[in-house]
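Paired with chain B in one complex and with chain C in the other, chain A is shared by the two complexes that follow.
Coming up: the complex of A and B.
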């Protein structure tokens, strides 16, 4: 267990934005909320999943809603802790720790906020190893943990508990309906589980990975080193193993719409060096990158869009005409590439008529 | 306390349909579900509100959704008890009795079903004295009882608890969103309160009133008596006091739509005796009846549409071209005509730009 330093928060936010694969919401606002807790003298500690006894209770915390709404509708700052306490009350038991549902995007910050406010450590692991648009798209659920009961809290004091038994897809639909009705964004606590189940079903080390990514990009910039080469090296030492730039060019078209509680759309990028074109499709997160019509990277492998010079991550809502970008791909860890996992968050789960092939094979 | 006889269920259903003022859903299906419990050897008892000690816990039970959906989407029969148990669990306390939220329409049957299934008596009172389309339109809320927490249960095992503090209008919006997402109809338990609060805020005797109305109509038919005159006599002995036929004629036009979880529309009726026309506007329930453009009856006074010969109540979804009907008006009890009550379910709460005037004054 080690305390997260306030000075590390910007690096975690940068790394989480990269792991957000374009979605998950900008962590900037969440980082400010955590920083406010630090200014009040509160801190938060990061815990290795092995440091908890088997029967310790862990409750992941997150935000739910379209990122395009989450950057515009300001939270009060206590919604996440309200949802967390609501689930504890419903379960009749206090939690020993919290953790991210999703290490990518703004959901990296929500457990840090809850941890600081409630004095709980944060487990260094998550259920996505990136960001995904829907609740059921998590390794917890893939490996048998129910998302029910789910506690939610809105920004006008609305709160509640939802339960759909073992059906996590039905839970997603119900919770999405509540989210839309409460203005497009809510805080949630769900997937309450034992530390033993966290060890079995979570992707370990993803919050500290976000910190390392952010530090790597900052130090590359400070030392005038190639950030893309540094990232490739960094991922070699992780469960992700393979990471590579796949395309560099200029954005020439962006089409987007916010429907059914999601930010959906496509972006088109023209190569700097030849006539080739990369087309990117997203549903909150980037789902598939096709170069001249052929799939080059596909979900659940991570597709990130980075500033071509600084390697700063660019979220889908910030994509715009004229931006010079590098599309950088990262292989998903093995736990996210099993047949069970691909059934829940592989290409066909997003309506894409293609089988999954790893980015290292498509190269 | 007295046991409701299986043979009385049809009369209660008829009376509830009349008190439903065109809405609340047809009680027929609910009556069959209660009858099934009786065939299994279960019974249910009706309790005067004075028979419970002050601190006894009463939890009202109801269904929520557009009547047009509720008559088509068949329930499993255990949703209401599931929601009831969920609220008990959330409160950490078992209820001593249940009661109707709404004595009009199908919601008259829901507490009988819960009472039979869970072995609880049913308090002979409700919060509407009729039917209303929205959750906050109840005397409980008018006189200070919060609708939160509300427990709900859907027909595919979905369930949950919603809480918006003291804001019952916000609760309506949130619960309506859940209802729409779960297919247009759910069972709910809410307004948990002490027997002392029931005595202070509820309209007493409304379930037994439904039984008396149903019996009155049946006996009038059997004995070839004028059912309308019999109804007028019956209501004289109740808190409603005034009831009268206001118009008889043939339906010449019906316009309806199901939007936002409600059945909305208008019906036009041409007089049998002269050229006058009655226009009826409804949102689940009949809201206002205008004769030749002048208001003749307006919410919260009760506007019922009855078969012109038999006085059988006709629900809004059964209104159709050519039907011969009598519009029968009933004054709302004094507890529903206070300024606080009219602020919640008076004409302006339905977007009607008119002050309330009692039907006995408009005559």
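Coming up: the complex of A and C.
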């Protein structure tokens, strides 16, 4: 167990933004919420899942809704803990720890907030290893953990428990409807499971990974080192193992449309060095990168778009004509590349007519 | 005759120019005085002597000033201010000024009041307004010596009803308070919009004094034409508006400089490269206006979403240090001798090799003692100039906003370092009147109107929604004093919003038009 220092929060936020692969929302506000708890004398600790007994209860915490709403309708601060306590009451049992569902984007901060408020450690693992647009897209469900019951809470203190049995897709649809009714943003607690199940179904070490990514980018900047080479080295020591810059160039076109409540679109990037073109398709997060028509990286491998000079992560909303970027790919950990996992968040789950091939094989 | 006077009040110099239509008639440069007014009076007097312009023929006076941003950065002359936010029961966890530097919170005497209200993304009330809550807050403000209040409300760019009602109640309960409303100042993003509104509120008293001083100086010179201040985005605001919204004039300096330089070159779409002593600043003009920064702007440690020009600065200028010993390892900047150029550069008898020394050695500049740089090898000098060219070209390239290679306007004291051709750029232009480009930028400013809102766009309704947004932007420009027959849309931006039903789309539209100039000085638009 290791206590997170207040000074580490900005690094975690930067790393989480990178793992957001273009989506997931800005962790800035979440970081302010956690810092507020630290200013009140509360702290939060990261826990390796191996430190918990098999039968310990872990309840993951997250936010659901539109990032654009979240920057306007700020939280009252109790939503996440209210949803968490609601699920505990429903289960008739107190949790021993919380953890993220999604380590990418703003959802990286929610378990830190809950942990600080309720005095619970946060398990250093998550169910996405990145950001994904829908609730059912995580490894917990893939390996047999049900998203139900799901407890939610809004800013008026509205709360409730949703239960769709073992169908995580129906749960996503129902929870999405509730979220819109409550103003477009809610806090949720779900996937309550034993520590043994966390060990079996979660991607380990992802919160500390966010911290290390943020620190790596900051130190590269401070010491004038190549941030991309430093990132590649960093990922070698993790479950992701392989990461590499795949393309550098200028954005020459961005086309967007909204369908089914998602921001979809395509960005075209022209190479700095030759005539090749990278076409990047996104649905809130980056889904597939094709170089001269040939797939170079595809979901669930992580496609990040970074500022070509500073390696600062760029969100899909901020993609615009003229930006100079480096597309940096990260192989998804093996637990996210099994046939069961690919059925839930592989290319076809996003309507892409292609099979998954790892980025290290597409080089 | 359509005579206009443009004035730029900088930290060191006050510049003034007279323009007749598109022609610059006269220019002057005076020292800025501490009271601002004396410097302007002096500049106007010299201008009149030079140009023999009859003050009665002047149709408009446009002023750009950096005073407000300096006051904030120095935390100087700020009014005791309160933030009144409508959002409860939401938003309580992140109260106003939550991420401000403590010293600035203290400097504005920052008090916060959270009240029930605000709306959801679709315009429905988050909570009803509690009018007694507002009255209690007003009385508490007065009892604590607050003189200016910033009102913000969740999703006020969607519906400003609660901010407007609060303003009415404050006017009734505490008429002595200055009131600033967030929906009139910023865009989506509550904290950033609120930050800008609080800064605005804190500057209100100072704005009133400065504006009175400006008006007195201009009227004292016998000019009765309406007075305008230039805004961050290169458009104008009427002087009475500036009393209420000083924050909108924050970044007018770089904007006026870019627009002035482009105007002198006769270009409306170009990159402007301003090479100073320490840095080179590159901005891009589209349809005659600077491209705005897409990201947040941090001013005095506070995150805001002002409409600021997108400027990229690199450490390269006349005072830049030259590193390396031969053609292979040469590098210019980013460090610089700064204002000590005349002590430290070789040609001035110093011991430091600077970019200026290289320019003298290459024979493109003739200052100081050329003999002191004669020892520099020719291929070394050429390599340094090539490094400068590469750095400038790369910066221009990074700022390019279309496939076309933009023409480049080079200005500033170090502009001589930039060659006549730049890789990846179009033709290179230079201007002579650059010394007063800021004042010219102010004088040629137009009137703008902007809309930034989330719209539900039903299938097949996109055109109708965009047309409505465009019309509203045009109406706002006309309300601000633009000639209704000469307003055009200069920017449209549509961003679909994820996770909301009804194809919610954020639409930003900006319109600008020429100012209506009165037929004589008594019927201006002010």
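We take it that the second predicted complex is superposed on the first by the 353 of 363 C-alpha atoms of A that agree within 3 Å, B and C clash if a C-alpha of one lies under 4 Å from a C-alpha of the other, contacts with A are read in each partner's own complex, and residues count from 1 in each chain.
Just so we're on the same page, a residue touches a chain if its C-beta (ideal position, glycine included) is under 8 Å from a C-beta of that chain, and two chains touch if they have at least 3 such contacts.
Just so it is clear, the model here is predicted, and its values are computed rather than measured.
Undergrad: Looking at A:76 after the superposition, I want to know if it touches chain B, chain C, both of them or none. Which is it: first, second, both, neither?
TA: In the superposition, A:76 contacts chain C only.
Undergrad: Is A:29 touching anything from chain B or chain C once the two structures are fitted on A? First, second, both or neither.
TA: A:29 contacts chain C only, not chain B.
Undergrad: In the overlaid three-chain picture, which partner chain does A:178 touch, first (chain B) or second (chain C), both, or neither?
TA: first
Undergrad: Just chain B (first), just chain C (second), both, or neither: which does A:90 touch?
TA: In the superposition, A:90 touches chain B alone.
Undergrad: For A:322, decide between first (touching chain B), second (touching chain C), both and neither.
TA: second
Undergrad: After the superposition on A, what does A:155 contact: first (chain B), second (chain C), both or neither?
TA: Touch status of A:155: second partner only.
Undergrad: Which partner does A:208 contact after superposing on A: first (chain B), second (chain C), both, neither?
TA: A:208: touches no partner chain.
Undergrad: Look at A:284 in the shared chain and tell me whether it touches chain B only, chain C only, both, or neither; answer first, second, both or neither.
TA: second
Undergrad: Of the two partners chain B and chain C, which one touches more residues belonging to chain A?
TA: C
Undergrad: Counting contacts the way the document defines them, which residues of chain A are shared by the two interfaces, the one with chain B and the one with chain C?
TA: Common to the two interfaces on chain A: residues 156-157, 176, 180.
Undergrad: Under the stated contact criterion, what part of chain C meets chain A in this complex?
TA: 87-94, 98-99, 118, 120-121, 126-127, 154-155, 188-191, 294-295, 398-403, 454, 494-501, 503-506
Undergrad: Over in the complex, which chain B residues touch chain A? Could you list them?
TA: 90, 149, 156-165, 167, 170, 173-174, 176-178, 180-182
Undergrad: Over in the complex, which chain A residues touch chain C? Could you list them?
TA: Per the touch definition, chain A meets chain C at residues 23, 29, 32-33, 36, 65-69, 71-78, 133, 155-157, 176, 179-180, 183-184, 250, 252, 256-258, 261-263, 284, 317-318, 320-322, 324.
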